[in-house]
Structures are given as structure tokens and as C-alpha cells.
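Working notes, structure below.
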Amino acid sequence: MAAQLRVGILGATGTVGQRLVAMLEGHPQLVVTAVAASDRSQGKTYGEACVWRLPGDIPSALRALQVRSPEPPLDCDIVLSSLPADMAGPVEAQFAAAGYPVISNSSSHRMDDDVPLLIPEVNAGHLAMIAGRPGRGFIVTNPNCSTIMIALALAPLQARFGVEAVAVTTMQAISGAGYPGVASLDITDNVVPYIASEEEKIERETLKILGRVEGGGARVRPAEFPMSAQCHRVPVVDGHMAAIRVQLGRKAEPGELREAFTSFRGVPQELGLQTAPLCPILVRDEPDRPQPRLDRDAGGGMSVTVGRIARDRVLSHRFVALSHNTIRGAAGAAILNAELLLAEGYLRLRNVQ
Amino acid sequence: MAAQLRVGILGATGTVGQRLVAMLEGHPQLVVTAVAASDRSQGKTYGEACVWRLPGDIPSALRALQVRSPEPPLDCDIVLSSLPADMAGPVEAQFAAAGYPVISNSSSHRMDDDVPLLIPEVNAGHLAMIAGRPGRGFIVTNPNCSTIMIALALAPLQARFGVEAVAVTTMQAISGAGYPGVASLDITDNVVPYIASEEEKIERETLKILGRVEGGGARVRPAEFPMSAQCHRVPVVDGHMAAIRVQLGRKAEPGELREAFTSFRGVPQELGLQTAPLCPILVRDEPDRPQPRLDRDAGGGMSVTVGRIARDRVLSHRFVALSHNTIRGAAGAAILNAELLLAEGYLRLRNVQ
Amino acid sequence: MAAQLRVGILGATGTVGQRLVAMLEGHPQLVVTAVAASDRSQGKTYGEACVWRLPGDIPSALRALQVRSPEPPLDCDIVLSSLPADMAGPVEAQFAAAGYPVISNSSSHRMDDDVPLLIPEVNAGHLAMIAGRPGRGFIVTNPNCSTIMIALALAPLQARFGVEAVAVTTMQAISGAGYPGVASLDITDNVVPYIASEEEKIERETLKILGRVEGGGARVRPAEFPMSAQCHRVPVVDGHMAAIRVQLGRKAEPGELREAFTSFRGVPQELGLQTAPLCPILVRDEPDRPQPRLDRDAGGGMSVTVGRIARDRVLSHRFVALSHNTIRGAAGAAILNAELLLAEGYLRLRNVQ
Amino acid sequence: MAAQLRVGILGATGTVGQRLVAMLEGHPQLVVTAVAASDRSQGKTYGEACVWRLPGDIPSALRALQVRSPEPPLDCDIVLSSLPADMAGPVEAQFAAAGYPVISNSSSHRMDDDVPLLIPEVNAGHLAMIAGRPGRGFIVTNPNCSTIMIALALAPLQARFGVEAVAVTTMQAISGAGYPGVASLDITDNVVPYIASEEEKIERETLKILGRVEGGGARVRPAEFPMSAQCHRVPVVDGHMAAIRVQLGRKAEPGELREAFTSFRGVPQELGLQTAPLCPILVRDEPDRPQPRLDRDAGGGMSVTVGRIARDRVLSHRFVALSHNTIRGAAGAAILNAELLLAEGYLRLRNVQ
């Protein structure tokens, strides 16, 4: 076992924090050495503070770790943050200022000019935005849980055909709202056509991710196609689904889209990153797939599954995409970002100022 | 109590058949005198044949009625049909040929040239197609359970602004598939992005409903805008939801759409038909409405509830619509059609040939 | 319309409070004149403060009512309380001390020596406990939402056969936990075998209800049979179910239990109280009933439905009971209590001290 | 890799059949060489015939296998049967007569005098019933999906304290009914207090399993305590739960039951069988466990999880048990039986007569 990077998790007791902890158990390069949370948990051990809501048990190595306050210094080389949005803004900035690389799943800094909004398969080149800062503090974010699968599915279409307009309608799982999150009285035998700020995030973040780095990494010029999202919460535990209509830049047979999806590979696949799935996008040809319960765990929860590829009468094509919202859409996204940063040389032992 | 029309129900033991029976209990003009079903039910009483799946009990007046074979003659003046699609085609034609007015919820004849596809609030004028046939047999159909709410919501927009393109994404309740219908293993903790033939029906039927009668009633010229539907089954008992994007023919503030929806009235409201809701379309201004469980019973299940009216970045506007799929979308639709036909003089005592 | 009693509702914005408001709309004797709540709602109108979670709309008459602090004086003759348990204790005592009759759904005072725990069909005679206090303040409570249906179902068995032991296993709806109550992540695709304090409440309250008044109303001597409850939360919106095993005091054919259930009537039926169902207990003979979704609204939500009556190999008999937990089990229970008190002369214009 | 036994699966396209196929993928000793099904599947390949309803894909090795008719001869050394009950009786007898060891999950032969009803941890000694038949055909069955966890949980109590009466109330998952099985309209927002023949099976099978072999393996003398089961279907995908009350033969602290559960081991653990869990029974001490979604996969789906151990007021003790109904309760049970038979020398190359 070679050198390991010591990881601190901010928001470690929450839904995504627990996924981070579970996914990092046994990770060859990243080892959790600190857990922090924003609430009454501080002072308790992680085992006491954490009401574990994933199948199985809390990793025994972390059970006795003291829960810390989310502020530097923290006993770690990098921090992974899944803090609630209202706290993440200042806290993450504080850690970056103190010299920590901050890899965040929170929305606060995603649209900042000097913060990459990163999906390693899609826009690894956006790391140019922090190229001048190895060994210093910075923030790298992953997108919103729905945006990730949408942008991932659009990436090969943009590359091969061009994208001129996108209209997305999502059906999102309850785990996306954290815990306690959605009240059971609101979602049992029901659908809620509203998730606060979600439509705006998807519309905005997708364009940044699919945009181009300019000025030698100074900024990202967002993609410019019209982008529309309508979002719904459905009574599903895990797995966000999106019905996507797209206007492509040139004529294409549905089979060409299929081929673009299945042949798509990115930097994580080339580098063989630990958490990278073999295929970022899987295509199912059955008429009734993808489905959350059957497809959310594809590729260890890191693959996006696409199905129902067809022509559309309003835009040029349509299809349905699905991915695991707390793995590829959150915890796995952050970990893959960390693995990319490590492979690309951005994560050395930190220099605290 | 004045004269009553005697009603035979084809497919009386099914999900929609049961709704028809329940809604006609105590109806002032329509009284059920015959029940027919396609299966092993024949020879049994309705009480024996019917596994009642609605809250409450089978109307006691019908409990002892013999279940008949679905073929003429039947002891009634008109038939309401909710037969399965594979049987409805020939059986309904046979009843019409035998002189019965047939009011059908089945899909078999909806697109026939001489069959009105009727939503009384939207296209009562389409009855011109059967104008030459009072006192004789004919078929009048209501649309697919999702189409009804979509066409109803589009009608006031078409009238006031013009409609140039429509993209609909539905989230449909399990009761729409009848009984036993959707297996619980397929839909618990899940969404299924496929309902056989549903997308085609919505795309095709909407254009016929919003089309114009030509040639003095000889035919309907369908509306010609591009129409796209993506359909999903969600774990909801009753209440279909549709996320609708529409390109209007002229600029309009969201408030103008709101006003067009809330002020919309049709022939059933003018005539005060028994089953007509006061408002065909209700608008909810809360950001998280409409919702199936809270809004499906609005207007006795006969109103469509609309919410989240806003501009859209790809088409010009968007909103969410919801209605009760087995009431406004099926049984109530057929009954309202019967009431309109009665009020317009199409249903007299039949002359059997 | 004769004289009306003016009602104040404590906890009016909660789940049970909303049910009280909805059920009292149009009540011939009880008119809501004051609403109080424990939280940030005070100062707002009821329409502003209340996120209405029942189908349909807030009764328009109450929309503009100011939400008050839950303390006397309040502009009403009696108070109906559905306060959370932690507040109900002192607040209800304060109202009673100030001369208000308090009819409470909260658990705080149910086991108090001078407080009747009342199900009008079962133990109307327990009102002897407050016989000396007409025109003065007092507290009358209804039982826990599961206890009500259990005690109601046991009452005719106790009367006819004697009861020597009872073992109950409940499957309870999410609405029993109020709002936000049960997190959707805890109950979707899941069952939770724990509801805080519920087993103790059912075991204790049932024995008090089925006990006898002694000493001229001075106290209740609880029934003395062993009583066991195991409680579970299931993903059902409304309707608590209980699998009940009972050891009767004498041999009995299942048909005799059936007859005891169906023939059972109580004081509310004799007096024709407004909210009393025709039959407190309905029996369904189908092998798969009762079911929450099909039977919870029986008798307007005020009837208990019983089915699957059979011999048992461990105790002598078994059956399954079901009732609507927020109607018969909470709001309807309190209203029926108020109606009984009114009919029995306990509710006159109050004398504030 | 040493010698492998060639396995034929009867009912291979069904819910349990698919689980068998999935669990045997990569099994070191058991390799699937034949699949048979009762229906229109014959003649197709397994990949064509099987609508795969488990996460992931059909094992590629089986995709091209021809589906056979369920009758001998079949290209295999033993058959694992998950045929529907109406077919299993004669078909399994036919295979046994033809010399095949038949390891069945079906209910048809469970109560036969010469058929062991086997849970390897509980009653491995019952194999004495077939001791005279190595190398010849025989039938070995596993119990009903609920019975397995009930009998497993009772086994250590019977051994240590004696068992004098048991009352079980189950809440069972939809996958227990196969596919299409439970209609979604029957179980969404609902509980069904009826599963055909289930209560009788649990009451009868538990006593056989906990009975003693007599007459040198000639017969099983069932346990004789009163046993009562009430069964319910709940909207849960996988994982049967049972609320269990038990009268023990002597006084015992709850902690003694806990210790009996956690220390329980059986022959599969001693022999280190491939599919045996480390601990047959796990105890969770949190007040709200076990839960189906969190605990069903414990021990790879082969452990029973027990919680809420307490005294009871009617019988002496109570607790809640949970296990995965299609793994420990069906496919895993049959495979563990096969492994035990193999380890004990009952499965040699068969001699077809």
C-alpha cells in the first residue's frame, strides 16, 4: 500500500456524508481521518452522532472518531464537503483560504468564476481554472445530482452532433433531499412538481459544464443553447430519472445516438481511476428501461443508463436517462473528482499557511 | 323524476366499469339496466362476478343483475363501453349497427373518420359528424386518460394565443392500466418509462380533438402543430400528471395564461350538465401544486388542476396539469359525453332494426 | 338552527387540527370561532399560517381568522385540543382551571384520575367522573388513535363473552405521526417496528376504557386482563390496522363474535349524534378485508371495520380491525365526545372565573 | 476447481428461479446446465424467455441455454425446483422417481412423510429420513419464506428454554407472491390481511421443522406447542417481517434470549458451507430495528435479523424478526440445502434408472 491522502469529511452525518464514508471504506488512496458536522453532533463520536441510514453498519474504523466542528484546522490533507448549502459557502471558503483542497458536493460555489464544476468524463480540462494552485487551497465542485446525469448524457451528443436545445423533465428520488428531507405525507401515493431551486440549477450548471475554458484557464464560457428543466419528486428511494428532448446540430439516426452513448469514454476510464465505471453510459434496448430500481446500481452506481432513444416531433430526438443520485450524483462524484485531482497532480501534501 | 335513459355497461366488472357503476348510482337521467362483461363473469350476478375495488360497496340495486354477454340485444337504450381494446372494436361496431348509441371509453374507434373524439368543453361541435344519425346507432368516444387533460388544458390557449408546438411528459397513475394491470413488483420504489401505445395515442388524439370539422361534419381536419409525448408510470393510485411545454402563437405574460385557464368554460357549464364541474380548469398558485393526492378529486374528479405556469427557455411557456384518470379521464368523460348527447337531442329511445 | 357552541381549536395548524377544522365545516352545533397554535403561526391569519394538507381547500370562513396563542382567554365556549404532547399538559390544565371545558386528543391527561378517557359507544358512563362539574372547567380526552379501534372492537366481546387476554399487533399509517412526522426515507419500501410510547399507551389506555367507574364516579377501576401490543409503521397514508388475538371468557363460535360486532350500538347511535356512524363496527366477510385504502372511509371514517374472524390456536379467537386514524382515531373522536357532552348537558355557556 | 455438480432449474424464469440463477453465478460447486419452465418459454433461449427482474443482467453463460420442458431426462445431476405449487407435485415426484435428487422450494411435498423439510442450521438431523437413499432419487424441501425465519429464530429458544406457545403476526413483501403476483392496485397505499394458505403453512411447517426424527429416520414427530400465525402483505419489495410472541418453558431475562440468538450456530457454519452466513441470527439493539430495507441484505440475505426483544404481558416474551424472503426464504434456502446434501454425501453422480 503506497501513500494515502488523509480525508476530512464535512457534513459527515448527513445522507451524502454517510455515502462518502461508506464508499471510502477500503479505498486504496483516500483514508478518512476526520469527520465534521454542523450540529449537535460535535463532541460525540461518529458512532454516537450518526443515525446510520444505509444498509449494513457504520465502518468500524470510524465509529470512535470524534466529530469535529467544520472549521480549520482539521486533521487531514483534503476535505470532502457535503455541508448544507447555507453553511457550505463560508466554511468551504475558509478551508480553501487555510490551504486545504476542498472537493465539494454543495451548491454554494459551483457557479464561482474560479471554481471548476467538474465531471471527470466530461470536462476534465476545466481543471485549468486551478492550474496555478497545486499545493495551495482551492475549491472543486461536482454538479447537482440531476445535472450530472444530464450533462454526462449530453456530452457525447455535443461532441458528435452539436446540441442546439435541451428540454429535460426529471423524476427525482427522495434521497436527493437528504434526511429527514421529504415528509412521507408529502410523497406517499403522490408526486410533487417542485424541488426548490432545482430547475434553475440544472439549467445553469449544465451550460457551465458543457462550456469551454478560455483565457488560459481564466474562465469558462458557458454553452449557449436554450436549456429548460421541469423537476418532480417521485416516491422512489434512490435513482433520478430524466426524460430528455434534444435538438441536435445535424441529422442523425437514433442508432447513431446509441453508438455515441455506448462508445463514450473519458479521462477516468483512460486513467483507470478507482471509482470510474467501465462505461460511463450504458444503453438498454428494452422498451421499458431504464428504471430506478433495476438500473440505479449499474456500474456500482457510477454509470448513467440511457434508453428509449427515438426521434421527437418537437425537438429532433428524445431519450430517458437514469443514475444513482447519491452515488454518481453526489458522493461518488466527489470521490471521482478527488481521484482525478490526485492523478493529475493537484493533491500533494498541503501547505498550511 | 322525468324520463330516464336505460344504460347498458360493457366491461362492467373492470376498473373503469366499476367507476361507471359508482358514478351512475343516483344519476337523475341515466339508470343502469344491463351489465355485460367479456369473461367468465357471464351467468353470474354482478355482485358475484365483480371483485369491487373502489372504497365502499357495490350499489345494492345492481348486485343481483345478471352479467350478460357483450352483444346485442341488451336491455337498454344506450351502451357505455369500457371494454378492453382487443374486444371493443368489433363489439362496439356490432352494437352501433344494431341501432344502439355507443359511448365508448375504449381506444378502438377513436380515430375513425365518422366517430367524434369528444371532450364536451372542447369540441362539442364535432358532434356534427353524427348529426345525420339521431335515433340510429353511432359511436362517440372519449380520449385516452392523459389526452383528456392535455387537450382540455390546451383548448383555452389555442383559442386565445394559438398553439404552435407542444411537448408533454406524463407521470401516470397505476389505475390507468386497469386490474390487475401493473404488477406491484414493477412499480414499487420505481418508475417505468413506458406505457404501450400511450405516446402515440396522446400525440394523435390531441390533434384530432383540437382539429376543425369540415365539409359540414363530414370529417375532422386535425390540428397541425408538432406534438410530442413521453410517458411514465409512477407509484400513484389515481391522478395523471403532465409537465407541459407549449409554444404559443404570440407573446403572452404567464398571468395571461392563468387568466385563460381560470375563465375557461364550455358547453357543459352553459347547459349545467349533471357531471360537469363548475370550472373545467382550476389554477393553484402554490409553488408545489398540483399534486395527485391533493388535487385529483377537485370538482368531483372532473376538473383539471393547473399550476407552475411560467416562461420556458425552449418553447415559450410551461405548466403542470393534473386530473383524475378514471373519473375525468375515463368514466366521468363517458358519462359527460352521454349527458351532452342527451341534452343535444342525440339520445332518444332507440329504434332497434 | 338552534343555539351553537363556539369552539376554539388548540393546535389548529397541525394534521389533526386541520381534520377538526374540515370536519366542523357546516356542523349544526359546533362553530369554530378561534384557532390557536403553538408556534410561529401566531399573528398570522389561519390561511397564512396553515399549509393545508388535506384534499380541497381551507374552509373559507376560517381563512381570515387570526391565529392566537394557546392560552386563556380565547373567544369560544369550549376548546378542542390537538396540541403536541409536550405542550398539552400545562395548557389544557390552564384552560380547565379558567373554566373551559377541554376536549382533548392529546395524551397528556388521558390517565389522570379525574379525566374520562372516552369512547362514547363504549364508556359513556365514565362521564360520571366529571358529573359534579357542569358549567365549570374540566378535561375529557379521547384515546390514542390505535386504542380507539381496539377498545371499540373489544367492547361487544367483553359485554357478551368476557375478555381474559388480548394480544394486538398494529400496522399504522403515516398520518398518525403528524406533519412532517415520518421521513419518507424511513418508510418508503419499508416497515418500522417502533412507534415511541405507542405500545405502552395501547396497553394502558385500553384497560382504563374497559374499566368500571367506582365510588360514585370518583375513579375508574381498570380492566384487569393481560394486554399486549406490538406496533409497526407501514407505508399507508391513512388507516390503522390491528391483528387482534383475544381469549374470551367462554366458548363461542366465530359466528357469535360476528353477531356481537354487527349488532353493537352505543349511546351515540341512540341519541343520533351528528358524527356518529350508523354502525360503530362493520364486518366484511371477504377473506382479504379489511384493507386501509378500501375501508378507512367506512361510515364517514367513523366506523371500525372488522374481518377475518376465526378461532386461534394460542388465544381463543382472532380477527383484524381497521379504522381511519385521523377521523375515528383523532378528530372525529374529539368531535363525537363534544357532541355527547352537549347532548348529556355538560356543555353550557361557560362561567369564566 | 474440483468436481462440479450439474444443476437443472425447474421454474427458471420465475422470481425465485431468477434468484437461483443469480446466486449460482460463479458458485464453486454447483453449475447450472439446464433450465426448464412450465409455460410458453419452451423452445426459446433463456435470454429470450426470461424477463429479468433483478438488478443487473442475466448471467451471460445462461443466455443462450434452451429452455426445456420440466420433465426427465434433463441434462443435470440434480434439480432445484421453484415450480408453481400446482405443477410441482407430480413433476417433482417424476424427477425423484427417475433418480434425480430434487431440492425444492415448492410447497407440494413439504409435509410428505418421507420428505425432509430442511433448514440446515435447525434440523440437519432430519436428513436421516432419506439416509437410505444416497445415489437414488429423493425430494428435500425448504420451508415457506416466512416459516424459515420463524423456525430459525425459535430454534435457539427451543433448545435453551423450551417453547410452549408461539403467536406470529407477519408483514410480508410483495416479491413473495412471484411475478406478476400482487397487483399494484391492491397494495399501493394499502395492507392486505390475507395471503392464501400462508397462515396454515406457517403453523404446520414450523412444528414439523422443530419436531424430532423417530424410528431411525422413519418419520418426524412434530413439535406440539400451539402455534398461531396471522399474515399480511405490505408494500415492501423484499424482506418479510414477523412480530413474534413466545411462551418459553422457563423464566428468562430478555438478555438471555439475546445471548441465545447471537451465539446460535448450526451445521452450515461448522462445515463452512459456501452460502452459509457467519451468523444465522443477528441482533440489532436500536429500538427501531429490524427494518426490511436496512436489514434484508444482512449476511448476503442469509441472516435473520432480530430486534425489540422484551417481556410480553400475554405470552412470556416478544421480539421482531426479519429476513430476505427470496434469498434466505427461497433461493438461498434451496442452495444451502444443496450444499448441505453435498457436504453430507447425499449428492453423488446420479444413477438414472
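Letters A, B, C and D mark the chains as written, and numbering starts fresh at 1 in each.
Following the convention adopted for this analysis, contacts are C-beta pairs under 8 Å (C-beta built on N, C-alpha and C of every residue); 3 or more make two chains touch, one makes a residue touch a chain.
All of these numbers come straight from a predicted model, not from anything done at the bench.
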item	value
Chain separated most widely from chain A, comparing mean CA positions	C
Pair exhibiting more inter-chain C-beta contacts, A-C or C-D	C-D
Centre-to-centre distance between chain C and chain A (centres being mean Cα positions), rounded to whole Å	48
Centre-of-Cα separation between chain C and chain B, whole angstrom	40
Distance between the centres, which are taken as Cα means, of chain D and chain C, whole angstrom	43
Numbers and ranges of chain A residues touching at least 2 other chains	53, 188-189, 235-237, 293-294
Interfacial residue positions of chain B with respect to chain C in the complex	53-56, 188-189, 237, 293-298
For the chain C and chain D complex, residues of the former touching the latter	165-167, 169, 171, 188-194, 203, 226-228, 230, 232, 234-237, 241, 243, 245, 287-294, 307-308, 312-315, 318, 320
Contact footprint of chain B on chain D as seen in their complex	15, 53, 174-175, 179-189, 235-237
